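Next come two complexes, and both contain subunit A; in the first it sits with subunit B, in the second with subunit C.
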Partner chain A sequence: MEDKEGTTQQTGISRRQLVAGFGGIALGAAFAAPIVQMFILPDDVIAFAASEGYLLVDRKKCQGCNTCMMACSLAHHGVQSLSLARIQVTQDPFAAFPNDRQIDQCRQCPGAPCVSVCPTGANHIDAGNGNVRTIDRRKCIGCQACVAACPFNLSRAIWNGDEKHAQKCDLCADTPFWDKPVGEQACRAVCPTGAISFTEEIPIQTDAGYEVNLRGENWAALGFPID
Partner chain B sequence: MGGETWIDAATWLVWLAPAAGVFAAAFTRRRDPAIEGDRVLRHDLAARVEHWTHGIGTAALLVSGVVLGLRFGPSLARSGENAQVWMNLHFVAIIPFLFGTFYYAANTVLSWHRFSEHLPTRNAFAFTKQHYGKLLGFKFDMPPEDKYFESEKMAYLMALAATLMIVLTGLLKVAAHVVDLPGWLMGSATLVHDISTAVMLVFFLAHVFFAAILPASWPIFASMFHGYVTREQAEHEHAGWYMRLSAAAPPPGRDTEEPA
Partner chain C sequence: MNGYQGQILHLDLTRREYSAIDTEKYIDWGGGHGLGSAVFWDLCKDKDLANMRGIDPENVVTLMTSPLSGTLVPSASGRVEVQGIGYQQYPVNWFTRSNFGGRFGGQLKYAGWDGIVVEGKADTPTWVEITDGEVAFRDAGDLWGKDTQDTQKAIWDVQSEELLGLHGWTELGGRDTGRSSQRSAIVTIGPAGENLSAFGCLIHDAGNASGQCGFGAVFGSKNLKAISVLGTGSISIADPGALLQARLAAKELYAQQPDAPLSEAGVLGVGFGAPPKPSLFCPPPPGASGPQSCQGCINGCRARWESAIANESSCQETGCYVVFDVIAHGQPTDASIQATDLVQRYGVNSYETEGCLKYLLSLNMKGLLGAGKAINTSLNMDRLGEVDFIKDFLDMVAYRKDIGEDLAEGTVRASIKWGRYEEDSADGSLGFPYWGMVEHGYDSRAEIEWGYGSIVGDRDINEHCFNWLMWESFVSIGMTGAPSFSAEEFAKIATDKMAPYAGDMKMLDYGTPNLYSEHIAKLVAWHRHYSRFWKQSALYCDFRYPDFINFHRGDKIGLSGQMEHEFWNAVTGGDMTWEKGIEIGRRIWNLDNAIWTLQGRHRDMAKFAKYVYLHPAEEWHMGSFYPMPVQDEAGQWQYANVMGRNLDEAGVEEWKTLFYKLEGWDAQTGWPTRATLEALELPEVADKLESVQKLGAA
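Right after this comes the complex of A and B.
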C-alpha cells in the first residue's frame, strides 16, 4: 500500500529509491562489463572451420564471355547484372596473354577476414552448408567492413546497391532463382570452356590464387596452349 | 579503412548512457512551474537537460542515419570507409540520446503529473481548430491552452511512439553485435527502426520549424535555454496553464520538491 509520498508502508522504499537502485545496478553492470571482459575473461581464440568447397579457375581457358557472371546474378537475383555477380571477370585489353584476363572468385579463405570484421555476424560461416562463408542479408547493416577487409583486389565481398547489403559467393548454397542440382555451382555449370572447376580439398594458399590448369588434349587440339 | 567501429570498441557506453540517465534522475530535484513576479518558470534545469541531450542526440542520429541509408532510401555513404565514419558518428550521437531519453523516462516515473500534462485532452481538436484558425485570420478566440498546446500534445504521441520503437529496435541492433540473434528478428528490427526514423524525422522537422524558426515561437524557444517566459506570454498564449499556476501559486521563491 502506498502513501501520498509514494512510499510503500511495508518496505519503506520510495519510488526515488527504486529508481536509484535500478539505475545504480545498471550503471555498475555497464562499468563492470568492459573490466570483466578485459581482465577476467580469457582471450578469445577464434578458429574458423575450413570450407568444404572451393572454386578453382583457369584464366588461360577463360574467353571473357561473362556467362558465369550472368548466371551468378540470375541464380541469386533473377536478373542479368554484371554488378550483382559474385564472381567477377576483369579484362585488360592492353595486357598480353595470359594477363589480359583475371577471374576473381571468392577463395573461401581459411582465416576469413570478411567474417572476422563483420560487426553483426551477417557475414558468417554456414555450418549447414559445408562451412561456406556467406552473408545473411537480413543482418547486414551496410557498414561494408567486409568489402574493405577482403585482402584481394577486386574485393570478393561486393555491395548490392539495389538491396543495400553486402553479398558474396556462397558456392550457390542459396539460389532462390535456380532449382539447382545438389553441389552444383551456376558459374561452373554454364562456363562454355570449362574454365571453372570445384574441389573439396583446400587449395594451397599462395598469392597466385586458385589458378589451376584445366586444359587438356582437347584444348590443345584446338590449337591453344596447354602449358 | 581498418579496425573495428567505435560501437564495437566501446559497446559498454551504449548501456552506460541509459543507466546514467536513470541514476541521475534519482538525484534530481525538480522545480514545478511557478509565477515569479513578471516571469513564469516554464522549464526547470532538469527539463532543459532532458530536452537538449535528447534533441541534439536525435538530430545527429537522424543525419547520420539518413546518410547511412534507410531500407527504402538511398545510402549517401559511397564507400566502406565513408560508411564507417558515419557509423562512428551514429554511435557518438547514441550516447546523449539514450542518456536524455532515459533521464526523461525516469524523471517521468518520479513525477507522473508531468507526463499527463503532455497528453491530449478531450479539447484537443476543438482547441487546435480555434488556435490555428485564429492564426490564419479566422474569427476565433484564443483557446485557454495549457502549458503545451493541444496540437503539441498530439504531436508528442507521435514522437513518443517513434522514440520507443527506435530505442527498442536500436538496442536490439546493438545487442546483435555481441549476441547471435535470428535473421528474421534483425531484418524486422531494421525495418521498424527505419520506419520509426522516418516518423521521427517528420516530427523533428515540424518541431524545429514551429518551435525555433517561426518568429512567434522565439520567446518560448528562449525559455528552453533560461527556463522562463514572460507573464504576458503565459497569460496570452497559455491562459489555461496560467490560471492553474495562479490558483496553485505557493509563496514566491519557494522550490517545490516532488514527492518521492
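Right after this comes the complex of A and C.
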C-alpha cells in the first residue's frame, strides 16, 4: 500500500495524538462509537476491525459501460451522475488492452487512513454493517482530510460538491433510493458481464489493484482470454 | 425536469457566442430527432431551403440527446442524433440524419445540456470546448490537419495541463464545483471533413461514428474541427427505485446472463439478448482483447485490443475492405482490420468507401479506369486488397487528390461527371439504389421495407428492426438446417407489436404478389413512425432494439412494446405508452416531410436506380439465399428465398400512391395535407407550406 506520509507502515493516529486532539481524557458519549472500534495497543499503533466485505473487479471483463457508476449514484442519491459514483471506471479509448481501462473501487483498507484522519468521526467503521468504512454525512464538516488521506491517486473518498460532504463506498449499506436485497450491491447487480464480485476475505492486493480473475470457459466462448 | 436538463446549447460560430434554448418549448417532440427537426424547422423554415447545400454557411446542424441519455436505461444511454442538411445525398442534399454512440451524450447531459445547435461559420478553424455550463471557442489551428485520433489526444493533452487535478480528480473551478475522473468526450472530424469531402464523417473516441450523409464535410464547412464536453453534474430521475428495478428486471428476464452458456435457441446473437461479443466482419487484430460498449449498454458489441488497432470498431467498418482483401489474397488477412483503423482515423464513411471501391473495380474491369484510361488515375488497381491501396484511396478522397477530386462530391456525382451514370445505374455496377447512397447490403428487391423506407425518406434507412430477424433465420438455416423461429412466428410475434396495425400479419409477407400492397404500405409507415421516435428520438440503439424475438424467453417474445415506455416513465415521470411514442414518431415524420417539401421534394423523385427495376437481384454479400417470411395462397407461412426478382416500376408507383394516402399526404405530390398536419397539431407547418404553394391537396 502506497505510504504517502513516509512514516510507519501501520497508519492511524496514536493514542497520545487522539487525546491531545480532543483536549483531554473526558471524551463524550458522542465519540464512543469510533472509540469502541479502536483496539488500543502500544502508543504508536492502532488497528481497526477489518471489513467483512470487499468488492473485486476483473478489469479484463469490464466492458466500460459505466452502468456500475450510474447504478451507484442512482441507489445512493436518486440521480444519474458519474461524479457522484463511489466506484470509478476510467478509460483511454486508444490504449492497448488491458491498460485501456481501470476500475477504482474502495478497498476497505484494513488501516483505514480515511477513518483515522476524520476529525469528527463522520468517516467511521460501521460495526452494524460488517465494519464497512463509511461516512455519516450529518457529521461531515467538509474538511476533505479523508480525500487527501486516501492512499490511491484517484481517491476513493470523494467530495460531493452538490451536497457538500464527503462520501465513499459503503458496500450499499445505505441506499435510500433502492429497496435492495440483503447483501447485494448495486454495481455488482447491474454489471452486464459479471465483472464485479464480492468477498468477505481480505483480498490479495498489489499497487495495481486486487488480483481477481472472474472469467471462465463461457467467457472464453466469446473469444476473450481467460488468463 | 426529470431526464431533461432544461436547456439546449446554441452555438453561433460566426460571432463566437453561445446561448441557451429552453428545452421545455420542444418537449412534446420527445428528444433526439424530434428535438432536432423541430429546432431546424424554427431556425430554417424561412431560409432558401430549395437551394441550400450541406456545406452552405446557412446550414444548421443539431446534435441531440434524449431524456434517457446518461442514465442506465439499457442500450439507450449512449447515442446522439445528428441532423441538418447533409452533403452526401443526390440529387438533393436532403435534410437528413445520422447518429453516433459512445459517451458523448452522457457527458453533454452531465454538463447540463440536452443538445447542441450549431449555426454560422467560424472565420478560422475552431474547437468548441464545453465544461459544464461554460463554453469556449478555441483556436483549432494546431488541430487542423490531424486525424481523428491525434486530434482527440491533443485536446486531452491540453486539458490535462489546464484543468486542476486534485488527488486524481479533475476539478473544474473551485472547491464547491464539480469534479470528474473522466477525460472529456470529443466528436471530431478528420482530413476528409476538413476538405469538404462527402466521404467525411464525425468520429467520437476510437470507434463511434456519425458515418453517413457527409456531416464531416458540414462541420468542415463551418471551420468546426471538434466539440469536446466534460460534465460533472447530475440528471434528475422521477422514480429512481423504479428505474433501477426495471434495469435489473430487464437484465434478469431478457439479457444474456454473465457466465452462462450461450442460448442454444438462437445462433446469431443480435437484439437485446445478445452476449457481449464483438461483432466483427473480418479477422480480429492480433492478441488479446476485452469487451467494450457504449455507455449503459445491456451487453456490448465491440472490443479493445492488445494491439490497440481498430479499438471500438465493429460491424460494417470491420467489413468495408473484406471483399477486396479476399479477392487479393484468397482469404481475409489483417489488411481488413488495418483498413478499419484507417477509415476511423481519416474520418471516412466506411459504407461509401466499400461501395465506391466496388464501383471503381467494375470500371477497371471494363477497361475504363486506370493509368491512361478514360478515367485516368494513379490508383493502382492491381494493389486492391492491400493496405497501401486503401491508404492511397483514403488519401485521394480525403484530400481531393487525383480522382478523389471527383469522388469527394460523392461516388454518384463522380459517375455523372464521368458520363457513366446512365449505363452503370442501369446495369447495377453502380450499386447505389437511392439518393446517391450505397446499397446497405440488404437489396431493395429482396428486403422491401428497407428499399421503400429509403425512397420515401431522405437516406438509406439503416434500421435493422426486421433485418435482424432475417439474419437469424439465414444463419440458423445455414448452420443447423432449420430456422430458429418459423416464418409464421417471425410474422406473428413482430406484427403483434406493430400498433396501430397489429393483427395484420401480411405486413411481413415478403412474397412477390404482396410487394405493392397496402399491407406493405402499413409495414413501411409503421417502421418510419416507430424508428423516428423510439430509435431516433428516445435513442434506443438499433443493435439491440426492437427486441421482437428473444431467445431467453420460452415464448420467444422480447421486451419491446413492454419495457421501453416503462423506462421512459421511470426517468421522466411521464405517461408515455408504446403507442403514444409511435404516434409522436408519426408527427416527427410529417415534420420531416414538410422540410423536404420546402426543399423541393416531389413524389417523382422518390424512386430507385434503374437496375432495381430492370434486373433481378442475384446475390448479396452472403450469397444467393435471402430468406424472408412469405404466406402462400393457402395461408401457410414459410421462408422463401426472395433473391432473384426485380421490382416492377409501375407496381412501385402504385404502392407509393397507397403509402401517401395511408399517411394522409397528397398522392399526386407526396406533400403533407392541411388535414393531416392540423390533426397532428401542426397548423403553422400547413400555413408555411401553403404560403409557398407546396401544401398537399386533400
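Definition applied: the second predicted complex is superposed on the first by the 179 of 227 C-alpha atoms of A that agree within 3 Å, B and C clash if a C-alpha of one lies under 4 Å from a C-alpha of the other, contacts with A are read in each partner's own complex, and residues count from 1 in each chain.
As a working rule, a residue touches a chain if its C-beta (ideal position, glycine included) is under 8 Å from a C-beta of that chain, and two chains touch if they have at least 3 such contacts.
The structure presented is a predicted model; accordingly, all values stated were derived computationally and were not measured.
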Discussion item. Touch test for A:D136: subunit B only (first), subunit C only (second), both, or neither?
Written reply: first
Discussion item. If we overlay the two complexes on their shared chain A, which of subunit B and subunit C does A:A148 touch? Say first, second, both or neither.
Written reply: both
Discussion item. Going by the contact rule stated at the top, is it subunit B or subunit C that touches a larger number of residues on subunit A?
Written reply: C
Worksheet item: Which partner does A:V117 reach: the first (subunit B), the second (subunit C), both, or neither?
Response: first
Item to complete: Examine A:K164 and indicate which partner it touches, taking first as subunit B and second as subunit C; both and neither are also allowed.
Response: both
Worksheet item: Touching A:L222, do we find subunit B (first), subunit C (second), both, or neither?
Response: second
Practice prompt. Examine A:S83 and indicate which partner it touches, taking first as subunit B and second as subunit C; both and neither are also allowed.
Written response: second
Discussion item. On the A-aligned overlay, A:S197 touches which partner chain: subunit B = first, subunit C = second, or both, or neither?
Written reply: neither
Worksheet entry | Contact residues common to both interfaces of subunit A (with subunit B and with subunit C) | 147-148, 161, 164
Worksheet, complete the sentence: Seen from subunit A, its contact residues with subunit C in the complex are 59-67, 70-71, 73-75, 77-84, 88, 90, 92-98, 100-101, 104, 147-148, 150, 152-155, 158-159, 161-162, 164, 177-179, 186, 189-195, 214, 216, 218-219, 221-225
Worksheet item: Along subunit A, where are the residues that touch subunit B in the complex?
Response: 4-7, 14-17, 19-20, 22-24, 26-27, 29-31, 33-34, 117, 119-121, 136, 138-139, 141-145, 147-148, 161, 164
Worksheet item: For subunit B, which residues are in contact with subunit A within the complex?
Response: 1-2, 4-5, 7-8, 10, 12-13, 15-16, 18-27, 68-69, 71, 75, 79-81, 83-84, 87, 106, 109-110, 173, 176-177, 180-181, 183-184, 186-187, 190, 259-260
Worksheet item: Once bound in the complex, which stretches of subunit C touch subunit A?
Response: 70-72, 77, 103, 106, 109-110, 149, 152-153, 166-169, 175-183, 205-207, 232-237, 240-241, 243-245, 247-248, 251, 255, 258-262, 275-278, 284, 287-300, 303-308, 311-312
